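Next come two complexes, and both contain subunit A; in the first it sits with subunit B, in the second with subunit C.
Moving on to the complex of A and B:
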């Protein structure tokens, strides 16, 4: 049991690395996507919507396979870790763009009007008035997404990233199986998600007061 | 270009067969998972502490553990305690557990949205608790939950791709096998992606349409 746990714990840094890097990529790439989605130009809106739909419409594991077996073996060399981070990062960008978008919808439109009335330029209004409030509204759904990404990161094990679920599978194969490695893996994933929930609750409580809806 | 198209065309029968297996997997996990989810939704607000806590624990584990881990637990873990299932059955069992855990929360939210006054009215009319649930609370609660349940089903269709890891011949497995035989991974995996899109996008649009229709009374 302790031996199993030790093996699984060596997977924890990989799970955290894949999840946090993919989330970071998604949080950044989601911004241009949502700006295009809200643009005045029909073409940009269509492009962004298509990108979001395609990224979200194909299962994450298929993206990882396309990147790792499809692209990663021919044009550019990608190791399993890179392929997982890029693949899950792209999928996150699409989900986070939609979360940002609902954030924009939740902020009262009077805020944008007031900024224009004060003579602020569009980029200023976006950067100084809207974006800070959108981010605050987006924190709870983004956290929910982060937790589901943590669980989705388990698919990285299918292309060979030695994360928690990879270690569980490996250990079960080598030690004659048993339910224990998988049960412990499940518990580890749940334990990892608890600090995220706490953090989001406390941050959310502080920031919620400072949004005009 | 023509050559690529003919090769792609040659893969269609295999990939379509895989898509059919994915669909069957989704069907079975909804068939078992939804009723189990309803039971869990009811027991997780039960008055009996033991029943309530055991169902809450079950739901939290089912939602907190990755579906991949649950799949491998059923397929690789259960045989060591004497329960061996064929790959497809293992997949159906594992994904049913995940479905039950997730839908129980959706259904619980639906059931809670039924105004308590309706329950009081039913009690005032002398209806038994079981009848109140069956004729008053559950029908209305399920109606409220339908859009979210449909959205979940679309998401679950994506999750069936994880069944690749336990050797179920679904869409992704077939694509991977074709790729392994001719090393044209990029082409065949992209084709598989197109197959997923072709199912998920129309259903996704349909779900958001239904969602809008069913919440019309809220916006006006």
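Moving on to the complex of A and C:
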């Protein structure tokens, strides 16, 4: 049991790394995606919508296989970790772009109008007036997404990233099966998600106090 | 011309923000010879196939208070919002503080921002920024639009807050203020940019009568100080008291235009007689 736990614990940093890096990539790349999605140009909107629909339409496991065995062995060399981070990062960008978009829709149109009427530049209005309000609305669904990403990061084990799930499979096979490694893996995933929930609640409460309408 | 304008706006900036003019309610006669500060020529605004403003031309002199009244859907707000180009007319031209804009012609972002700087707008729904305190709502635009330092912006902000009698609420967030207080902050915020024309879009319609009064009091002071004001409103008493001129709009057109005494007492068109009768019946 302790030996099993020790093996699984070596997977924890990998799970955390894949999840947090993929989320960070998604949080950043989601911004240009949502701005394109809201652009006046039909072409940019179409491009953004296509990218979002494609990325959300492919199961992550299929997407990772394409990246790792397809692109990752021909054009550029990707190791399993890089392929997982990039693959899940792009999928996250699509989901987070949609979360940002619903945030924009929730902000009253009068906010942008007031900034415009004051003579503020468009980048200023976006960065100083709209973005903080969009973020306020986007944080709860983005956290929900982060927790589901934490679990879905297990897909990285299928291309060889030695995360918690990978260790659980490996240990189950070498030690002759049994449920123990998987039960322990489940507990580890839950323990990892608790600080995320806790953090999001405290951030949310702090913002709600200031921005409540 | 450009140099003059810059000088004037700077002079305006340095002018103390406290009320100086006597608040005796007397209306100055307006000089017709001067070039109008706002000039609309054959403005048409359309929403899809609906024509919201239909061929309106209008000259407004500096220092005048113009009230625009009329039934809802008459195109009052749309007309007001085309003055700072929040709505783009499909034809016609506007001229504000000497800057001319023709419908259909491309406008540089910079020029649009200058137009917005010379006009201040107050909205029915206040539109304060909910994530900032009252003080920050007023000081941030000064930093970003006028390029003032935080300290200078804060100093001017405190003067403006005193002027709308909200010094005590400087640190409050909009959600902690009453509607009337929010609208007064919104007026202070619009004034902070140093506009030459103030546009009010039904500033009291979202307020209950008492809170509306405190907003109207601030507007009266502003008018007494000689600010050019264009006010879309349902407050006929305010219009009669403060405005130099009342426009009645219906179906996208101006159907009545003149000093309150004649417009309110002897409206010429049957449509405006009907409108005023409806208002009187309600009171």
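In the analysis below, the second predicted complex is superposed on the first by the 208 of 213 C-alpha atoms of A that agree within 3 Å, B and C clash if a C-alpha of one lies under 4 Å from a C-alpha of the other, contacts with A are read in each partner's own complex, and residues count from 1 in each chain.
Convention: contacts are C-beta pairs under 8 Å (C-beta built on N, C-alpha and C of every residue); 3 or more make two chains touch, one makes a residue touch a chain.
What you see is a predicted model, and the numbers here were worked out from it, not measured in a lab.
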Which of subunit B and subunit C A:136 touches, first, second, both or neither: second
First (subunit B), second (subunit C), both or neither touched by A:189: first
Subunit B versus subunit C as contact partner of A:108, first or second or both or neither: second
Larger contact residue set on subunit A - subunit B or subunit C: B
Which of subunit B and subunit C A:13 touches, first, second, both or neither: neither
Contact footprint of subunit A on subunit B as seen in their complex: 60-61, 64-70, 72-73, 76-81, 158-159, 161-162, 164-165, 172, 175-176, 179, 185-187, 189-190, 192-193, 196-197, 200-201, 204
Contacting residues of subunit C [partner subunit A, same complex]: 84, 86, 109, 113-114, 116-117, 119-121, 123, 125, 127-131, 140-141, 144-145, 173-175, 186, 189-190, 193
Complex contacts: residues of subunit A adjacent to subunit C: 108, 110-111, 113-114, 116-122, 124, 128-129, 132-133, 136, 210-213
Residues on subunit A engaged by subunit B in the complex (per definition of touch): 53-54, 57-63, 65-66, 69-71, 73-74, 151-155, 157-158, 165, 168-169, 172-173, 176-179, 181-183, 185-186, 189-190, 193
